[in-house]
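Chain naming follows the written order as A, B, C, D and E, and within any one chain the residues start at number 1.
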Amino acid sequence: MSILSLKSVSKSFGALTVTDDASFDVLQGQALGIIGPNGAGKSTLFNLITGNVRADGGSIHFEGRDVTRASAMERCLIGIGRSFQIPQPFEKLTVYENLLVAATHGRNLSEAIVRDDCADILERTELIRRANVPAGRLSLLERKRLELARAMATQPKLLLLDEIAGGLTEGECQALIRTIKDIHARGVTIIWIEHVLHALTSVVERLLVLDFGKVIGLGDPEEIMASREVQEIYLGIEV
Amino acid sequence: MAYSVTTQTPASRIAAIAGVILISLLIALPFFAGRGTIQDMFFILTMLVLAQFWNLLAGYGGLVSIGQQAFVGTGAYALFGVVILWGVDPVPAIFCAGIAALVIAVPTAFFAFRLNGAYFAIGTWVIAEVVRLLVAQWKMLGGGTGTSLPRDATRDMWFIESIESTLGLRSAAARDVLAYWLALVLALATIGGIYWLLRTRRGLALAAVRDNTEAAKSVGVDAGRMKWIVFLTSAFGTGLAGGLIYMQKARISPDAAFSVTDWTAYVIFIVVIGGIGTIEGPIIGVLVFFALQTLLADFGSWYLMTLGVLAVVVMLVAPRGLWGLLSEQTGLHLFPIRRRLTGGKLASSEE
Amino acid sequence: APSIAQGAKIRLGYVSPQSGPLAAFSDADQFIIDGFLKSEAGANFEVIVKDSQSNPNRAAEVAKELIVDDEIDMMLVASTPETTNPVATTCEAEEIPVISTVAPWQPYFIGQQGNPGDPDSWRPFDYSFHFFWGLEDVISTFTSMWNQLDTNKSVGAIFPNDGDGNAWGDPNVGFPPVLAGKGYSLTDTGRYQNLTDDFSAQINAFKAANCDIVTGVPIPPDFTTFWTQAKQQGFNPKVASIGKAILFPQAVEALGDQGHNLSSEVWWSPTHPFTSSITKQSAGELASRYSSATGNQWTQPIGFVHALFEMAADVMGRVDDSRNPDEVAAAIAATQLNSIVGRIAFDGIGLPPFVAANVAKTPLVGGQWRMREDGSYDLVIVDNSDHPDIPTNGTMEEIS
Amino acid sequence: MAPLQTPLLKTNGLVAYYGDFQALFGVDIELDVDETVAIIGANGAGKTTLMRSIAGILRNAATSVSFDGRPIGAQPADEIMTQGVAMVPEGRRLFPSLSVEENLLIGTYGRKSRGYWTLDTVYDLFPILRERRNNPGTALSGGQQQMVAIGRALMSNPRVLLCDEISLGLAPVVIKDIYKAVPAIKAAGASLIVVEQDIAQAMAFADRVYCMMEGRVTLSGTPDTLSRNDIHDAYFGASQ
Amino acid sequence: MIWVDTVIQGILLGGLYALFASGLSLVFGIMRLVNLAHGDLIVMGAYLILVLVTILGLSPFLAALIAMPVMFCLGWVLQKFLLNRTLGDDILPPLLVTFGLSIALQNALLETFSADSQRLPTSALTTASVQAGPVSLGVMPLLTFGSAILVIVALNQLFYRTELGRAFRATSDDPTTASLMGIKPANIFATATGIAFVIVTIAALYLGLRANFDPNIGPARLIYAFQAVIIGGLGSLWGTLLGGVIIGVAQTLGAAINPEWQILAGHFAFLLVLLVRPRGLFPRAND
């Protein structure tokens, strides 16, 4: 059963078409990777799915429901969680409070009920020691972890991750992969935009390639990666 | 392994104890203070209420309104209306004042929320003007001339008799005491209510929306509803304060009740001087404002000029206000809202 | 023995608009108060002056301060309902005697009633007293001025939506019923807001009704706007009898040569045949002293502010305990004073019964502004039909 | 490798903050006369921050940036630009209220421009712009907008041109068009610092490459001395 | 026929409002600065002209010409050293600072000139009129309207035909990038405010010739000016004129029905336009 389905979704900013007639389905429980050159429209695609940006045309269905016109808040409440590529923490709130906002509002629960859950997520994302620090004081890496942690706190059915592995050391990267695999293993559907290919391919089952807002490939990661077209477009390096 | 959450700090515990003592003192004030003090305190408390609600609106909700006089005026006129035309006792009529302001706030919000930033500010101002002009057409309450509360109504207010006999006061002084106690209740309820709101998950959401609206929406915060809650709450509270202020004045006219200077500009001044976005700020601000007024009011235009210049200077030198300066230096919070996670893995190594 | 003999000074509170848009009313305050305190009667008094900043909120606040903090024995307040009413309301509630002036008695009295529209609900005051004239006097003065000329008796009115305008235009106690009774037709387009920028609607209506006469009680900027537009749009009435706006010579001078022969009610002038009960000065002497002390032309409020202090001296001279509000109030009610603005007595002469206890009337005559060679203006009294004891020094002229 | 004369432009322990957040941790780079330097690095590495610091949008200690031997780190952007350091900002940032030609002309604001670049020579460099000169800048395609942004910077006849991600979001053909202009720009007397995510592109045209990660320079050298693995490590932290 | 007259008088009144609003529109459009002291600045301009008239015995028009450079410098200094420091995303600092300025200015004028209402010396022109068919048009209102148009044409020329105008637009779009082009946004803003003050002087001239002014009359004028700017759309000068005319005509039409509704009608027109077009009639594409 497909949990998310896009049909002919398009979006332009002025004269620039950033999403061009994109159609694809994501199955329940799947992990989908998205790759594509800078500016290909990957983040915009996320924004369209989460409702931070409204589509110019086409439709988006989540769990069979048409959510094309739903607000970002509504989509969060029905189970779409996300991280931002450029981390957007609530800077004046502490790390723990950042999660608390997400857990109490994203799941409509009281603070007391979600407390241990939030602490658990902080432990898993290795932010627990920074729990009481204002998020504005975090380093880039910690901010990225916070993005992931906050998205997890809303307990999404579909989790969208936008470049959270960039700049990690190998050890950190492995830890991140474990965390994501763990989330995935709990039945959460994942869509992950990532330039760090080895990390991506070690988690995802399918790979989507985006170029100039168009879906130019979707399928088994190895096959996709092997295609010469993708290698050229994406890496820009002749292999 | 168990985690727990606390918002208290040692400073806040001391503050809480001091607060309880202060509140007891304030309640007992009429038993030992003169009328002058009681009236000054009434002024301070009602301005504080207005300031807290404007602060809630602008400091926490990001809604910079310059039309709060619409709610003061509406509340005040509603009080006069139900007292004069329906013969309601002024004390319960204060509640009607709040309700009336709330009723006006709904269409106001519907309109003003279509506007952003500076447009919102000016939109609220124009709406306040519209309400003023409409009220000025209300001939039964004197139109542009204004009207006074009937003496019978103010003499026989609820509680007056018992205050007169308990404190042994003349009726005018008893009315002051009653108004003071009502203002005290309103101010405490306002501060308590706002503090409570900030400590609930809605308060957390307010802070999140203020920091980053897009991200807040993406974690399920209903930013639109937060705006409504904040706007309606502050309209209601401002209306209550308006009713109470004019119950005490006993005389009203549209120009006075809808004065942008008295009910919005001075209030903004109080909040900004004290420190916007904090509960402590308006408290400090109102004390400074009162001190200035007491010292300088007899200098007429020089007083106002000083006030204007001071507003400019504070905004440039200390944009976070006096409390902002103080808490930056000392980390002091009298009304802490930061939730600190303790226990579990944090037990051994507190950051 | 009168309290004056007892040594302790009697405390008077005085509130007036010393700053803000109404400040012109208070130009003479300092001069009058200084004069009063220097006089023999004044030596027993202490006067605490507060500025209402032309703001009714502020007026009520300072009144409270005077009563509570300064513990005054009696309040004096002057100039426009915007100042007198909040102060008087406060004093009435505080049970402190108050004497007010410089506001027609209708806006003073009716304006302080809960429901101005319902005469049955009106109540007299216990501590609040007022001396001035009433609308019936303006109407009478204006109509007898108009009767000096040959007009078609069609009157256009500009009444704003404020204390004065609502009283003047009131269908029961204002201009409309009386004018109708005297055979004038009135074109009243409705209460406009102060600081209106355009009067074409009124001018068109007046033109349509072919009005020879214009009357009203606008604030100065509005009258200038109205009058200039009227000229621009070809509306040239023979008479313009205007209250409030052309009270002060500066306001008339602002009209340039368009101020010539505008007419107005005159409550006080240097030619009024009255003398001060404290200083024994005549009206003319008071006015010329003022002019030489300040360099300003005399204005009408001078006499009335002075009379306020005459009242204070007179009343307090007749009480035993100035700190007893009831005794002071009773003394005020019993006043029979020949002051610089005429006789003041709360005897109900010329007044309806419901205000008889609180209001004393002073004489009113009609005057016209005449331009001098140098462009400044003189106020000439042209009608004294209601008070023949006040001499005229000219007759009514048409606006050319 | 290091040139003996003082470099044209040099940063010296450059740091940068956004509020509490530190984005640069002591960056040292150099640019010599007639040289082209490329800066590569993953998203968020701090490349744009570096460019903004040099151009004066982010202020710094005076000595942290020197140009022609003079400290300019503390000067505001407009003064740095008038001395001859121009920037093509990330995302082009054309002025939407201005036409193409006006966008170009703004590059000469308040000065008599003396040098090779004029409206005519810029139009010669990017002929398509001549045709579109009366259109609003924002009505152009991404590549054309990038041309305007470059032209706008050239109009001031800079000695140093900073280009932040000029190929971002552009089709390969368009990128080729834009890079074709580089020799002409150099010939007219400008040295270049180019931020480029496309490693191959960077390797192809730069004299020297700096690789950044998390606010630090992690690798530098000439393209021929750098192996793909070095770059990969410097780029992502470590290899598989 | 009365209706024609009513509308025409409304249009002319709109010219006055547009004149009050143009300076505001310029400043609001270029730097998003909400200047609550604008009304008081116009009053200050009127006093400046009055002083020049009284001391030098000039005609008001000549005095205004002399006042202009003085006002320009004043505006330049005010923006450069005070208002520039309040610019940013937060709208509160400019609101509070200009409000403080407004109060300080009002009371400084009060101390200096007293509360008496003043007027610039009148001449035959004040009450002169021309007959257009059945409608009698005041020369002064026509002059006011003409000046409003002239001001707007001149500003448009400045904006779209000069280097300075280009810099204005560029800085307004994006001050950071403008600074990369060698523009000092602080100076551009100061110059813009200087020019706005010149327009303020023109508005002051007509304010003072038309009717009385006193130190407290500013804020009442400010609200109409704001309405004209907002109805017109941010940064659109012709829009500001249209906005002024809409408010003016709404007021005269409202008054023709009943003077009680005169000012309310203007406010309602404003609310109605915003309800339909929250960004005004001619919004800029990129805000």
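One rule holds for everything that comes next: a contact is a pair of C-beta atoms (placed from the backbone, for glycine too) under 8 Å apart; a residue touches a chain by one contact, two chains touch by 3 or more.
All of these numbers come straight from a predicted model, not from anything done at the bench.
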{"item": "Intersection of contact partners for subunit B and subunit D", "value": "A, E"}
{"item": "Rounded Å distance between subunit A and subunit D, as computed from the means of their C-alpha atoms", "value": "31"}
{"item": "Where subunit B and subunit C are represented by their mean Cα positions, the distance between them in whole Å", "value": "39"}
{"item": "Interchain centroid distance [CA atoms averaged], subunit A/subunit B, Å", "value": "43"}
{"item": "Where subunit B and subunit E are represented by their mean Cα positions, the distance between them in whole Å", "value": "34"}
{"item": "Multi-partner residues of subunit E (each touching 2 or more other chains)", "value": "107, 110, 260, 263"}
{"item": "Sequence positions of subunit A contacting 2 or more other chains", "value": "91"}
{"item": "Shared-contact residues (touching 2 or more other chains) in subunit D", "value": "138"}
{"item": "Touching pairs - complete list by chain label", "value": "A-B, A-D, B-C, B-E, C-E, D-E"}
{"item": "Complex interface listing, subunit B residues touching subunit E", "value": "58, 64, 66, 111, 114-115, 117-119, 121-123, 125-127, 129-130, 133-134, 137, 260-261, 265, 268-269, 272, 276, 301-302, 304-305, 307-312, 315-316, 319"}
{"item": "Interfacial residue positions of subunit E with respect to subunit D in the complex", "value": "163, 166-167, 169-170, 172-174, 176-184, 284-286"}
{"item": "Complex interface listing, subunit D residues touching subunit A", "value": "19-23, 42-45, 138-142, 165, 168-171, 197-201, 213-215, 228, 236-240"}
{"item": "Subunit E - residues contacting subunit C, complex", "value": "2, 5-6, 9-10, 13, 16-17, 107, 110, 114-119, 121-123, 126-129, 136-141, 210-214, 216-217, 220, 224, 248, 251-252, 255-256, 258-260, 262-263"}
{"item": "In the complex, subunit D residues that touch subunit E", "value": "55-57, 76-78, 81-82, 86-87, 89, 93, 95-98, 102, 105-107, 109-111, 138, 152-153, 156"}
